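Two complexes are shown next, each including subunit A; its partner changes from subunit B in the first to subunit C in the second.
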Partner chain A sequence: MNFTFRRKRITGVLVVVPENERSFAAEMKNFNFPEARSLKLKEVMGFDKRRVVEPGVCVSDLVVFGLEHLFASDLLKREEIDALLLFTQTPDHFVPPTSNIIQGRLGLKQDMLCLDISQACAGFVIGLMQAFMLLEQESIKKVVLVNADVLSRKASPKDRNIYPLIGDAASIVVVERDTEDSIIQADLKMDGSRAGALTIPAGGLRQPSTMETGILEDVGDNNLRAKDHLFMDGAAIFNFVQTEVPPLMEGLLARTGVSKDEVDYFLCHQPNRFMLQKLAEKMKIPYDKMPNNVVEHFGNNSGVSIPTVIAYNLANRLLQERVRVCLAGFGAGLTWGAMLLNLGPLSFNAIIEHK
Partner chain B sequence: MDKAKFYEQLAKILDIGEVKPEHALRDFEAWDSLAALSILAMADSKYGVTIKAEEIRSVVTAEQLANLVESRMKK
Partner chain C sequence: MKSVIEILKEIRPEFDFAASSDFIADGLLDSFDMVTLVSALDKNYGISIPGTDIVPEHFLNRETIEALLRKCGAQP
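== the complex of A and B ==
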């Protein structure tokens, strides 16, 4: 599905990561594997350091911390926020929406829209689309797009397929109208028939959490996981990304008449280094135009991954310059989306630590 | 398909000097989900075919795996 947006732009990016850093080298011994194979995994996938929350820390804690930082630094004013969009798969509660909790904790105005949307790794691309649509309203001048997840709390410490990969984070991205006649194009696809490839089986109403859903089960390959834990069919997801994402991005470029050389960066969701290298190879894009270094520093932080790529790799450059980027998010749903837009100059672009 | 070349690529993934057609994949010390994923990636990048994880799990020997990749190439 194709989308076109006009006169919209991103004006600031802030990523909040937990202060607590874990290292793969220290955690390897938790898994029942030969050390040589774990080291191989580190080398190939890029597992090294990642950021995870302390027990009990929720999405709203990271987001409130980040927004208070922006208020205190005079980068955003409380009363300017006309819409707060929260994209998360790990809300504080089923009821009420976590965006309302954030609004209440920060004392934001009543005359605004708070909206939770359930999306994961494609959540930044879809979030921008939602923000652009809201900005068509006269009364909405500034949208705060938040992507946030604390999926480490849903990962089994005994599952080598997922645990060493997951990072927690929140991003706060300000989206506004552009005075220039900018055009932003996006393509989006969904396939709910493959929803089971990336799921937390229990804990919703289909299968409520019980004593039994909390029991670790041997799921093969020496991994232990409970039904309350995040499950990812790694091979199916790998095939999904290699099969669907190159035609998505290439189709968007063909539709808009933009060549790969005219794109400064391909900023993708960050599942792991291996998958991104294979994606770059398949699309014949040099590695340095498709950064893959988020997992090794922060872990795979779900919908926050694209803002993290932006803030980590282009921090200063985007304060001065404008670059043309192609974004691609892909994951749970299954959902995959790409967006072609100009990025920068931004009024802020940074990563801070939640303490 | 150059099968000797395929076994070389397989040996590299499995961290071993040589893979023979009759070798059972499961018997290699380095046989795990990472090896399976590396095989999927190799099939995709070197031979342009998509193989599912359950298909890899269903083959026993290196030769059966080579045949699976080869059969996909012809389609």
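== the complex of A and C ==
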């Protein structure tokens, strides 16, 4: 599905990461694999440091911390927020929406929209699309797009498929109308028939959490996982990304008549270094135009990964300059989306630690 | 340049790859080993095995791996 948006722009990016840093080397002993094999995997996949929340820390805690930082720094005013969009797979509660909780904790005005949407690794691209659509309303001048997840709380410490790559984080991205006649193009696809490739089997109403769903099971590949834990069919997800994402991005470029050389950066979701290097190789894009360094510093932080790529790699440049970027998010659903837009100059673009 | 069997032995030194005709079914390689193997093969032969070719059927035994390498322009 194709989308076109006009006169919209991102004006600020803030990423909040937990202060708590874990290292793959220290955690290797938790996994039921020889250390030599895990070290080879570390080298290839880029596993090293990651940021995870302390027990009990929820999505709203990270987001409130980040928004209070922006208020205190005079980078955003409470009363300016007309819509708060929260994209998460790990809400504080089923009811009420976590975006309402954030609104209440921060004392934001009542004359605004709070909305939770369940999306993960493609959630930044879809979130921007939602923000752009809301900005068609005269009453909405500033949208705060939040992507946030604390998936480490749903990962089994005995599952080497998931645990060493998960990072927690929140991003706060301000989206507004552009005074210039800018055009943003996006393509989006979904395939719910493959939803089981990335799922948390228990904990919803289809299979409520019980004593049994919390028991670690040997799932046949030397990993232990409970039904309450996040499951990823790594081989299926890898194949999905390699098969679906390059034609999506190349199709978007072809549709808009933009060459790869005319794109300054391809900013993708950050599952691991190897997967991104293979994407770059397939698309014949130099590694430095498709950064892959988020996992090694922060872990795979779900829908926050694209804002993290932006803030980590282009922090100062985007305060001064405008660059053309192609974004690509892909993951649970299955969902995959790409977006071509100009980015910058931004009024803020930074990473801070939640303490 | 190392042979395919030499590279396999570096990844899983505890196994006799020459004695197996199905590395996956015999439990000699899992999906993460395949990733490690592809990275090693890319470096050893100076190629880039496409991500879409990283599927079990290309890693069943020495013959299928060598066929994949030839498809990617290498001379195993």
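Operating definition for what follows: the second predicted complex is superposed on the first by the 355 of 355 C-alpha atoms of A that agree within 3 Å, B and C clash if a C-alpha of one lies under 4 Å from a C-alpha of the other, contacts with A are read in each partner's own complex, and residues count from 1 in each chain.
Simple rule for what comes next: a contact is a pair of C-beta atoms (placed from the backbone, for glycine too) under 8 Å apart; a residue touches a chain by one contact, two chains touch by 3 or more.
Please read all numbers here as calculations on a predicted model, not as lab measurements.
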Partner chain(s) touched by A:203 [first = subunit B, second = subunit C, both, neither]: neither
Touching partner for A:241 - first (subunit B), second (subunit C), both, neither: second
First, second, both or neither for A:221, with subunit B first and subunit C second: both
First, second, both or neither for A:345, with subunit B first and subunit C second: neither
Contacts of A:279 with subunit B and subunit C, given as first, second, both or neither: second
Shared subunit A surface residues [contacts with subunit B and with subunit C]: 37, 40-41, 44-45, 160-161, 221, 234-235, 238-239, 242-243, 274, 278, 281-282
Subunit B residues within the subunit A interface of the complex: 15, 29-30, 32-34, 36-38, 40-41, 44-45, 50, 52-53, 56
Subunit C residues touching subunit A - in the complex, by the definition given at the top: 11-12, 30-33, 35-36, 39, 48, 50-52, 54-56
Subunit C-touching residues of subunit A, taken from the complex the two chains share: 37, 40-41, 43-45, 160-161, 221, 234-235, 238-239, 241-243, 274-275, 278-279, 281-282
Touching residues (chain side subunit A, partner subunit B) in the complex: 33-34, 36-37, 40-41, 44-45, 160-161, 221, 233-236, 238-239, 242-243, 274, 278, 281-282
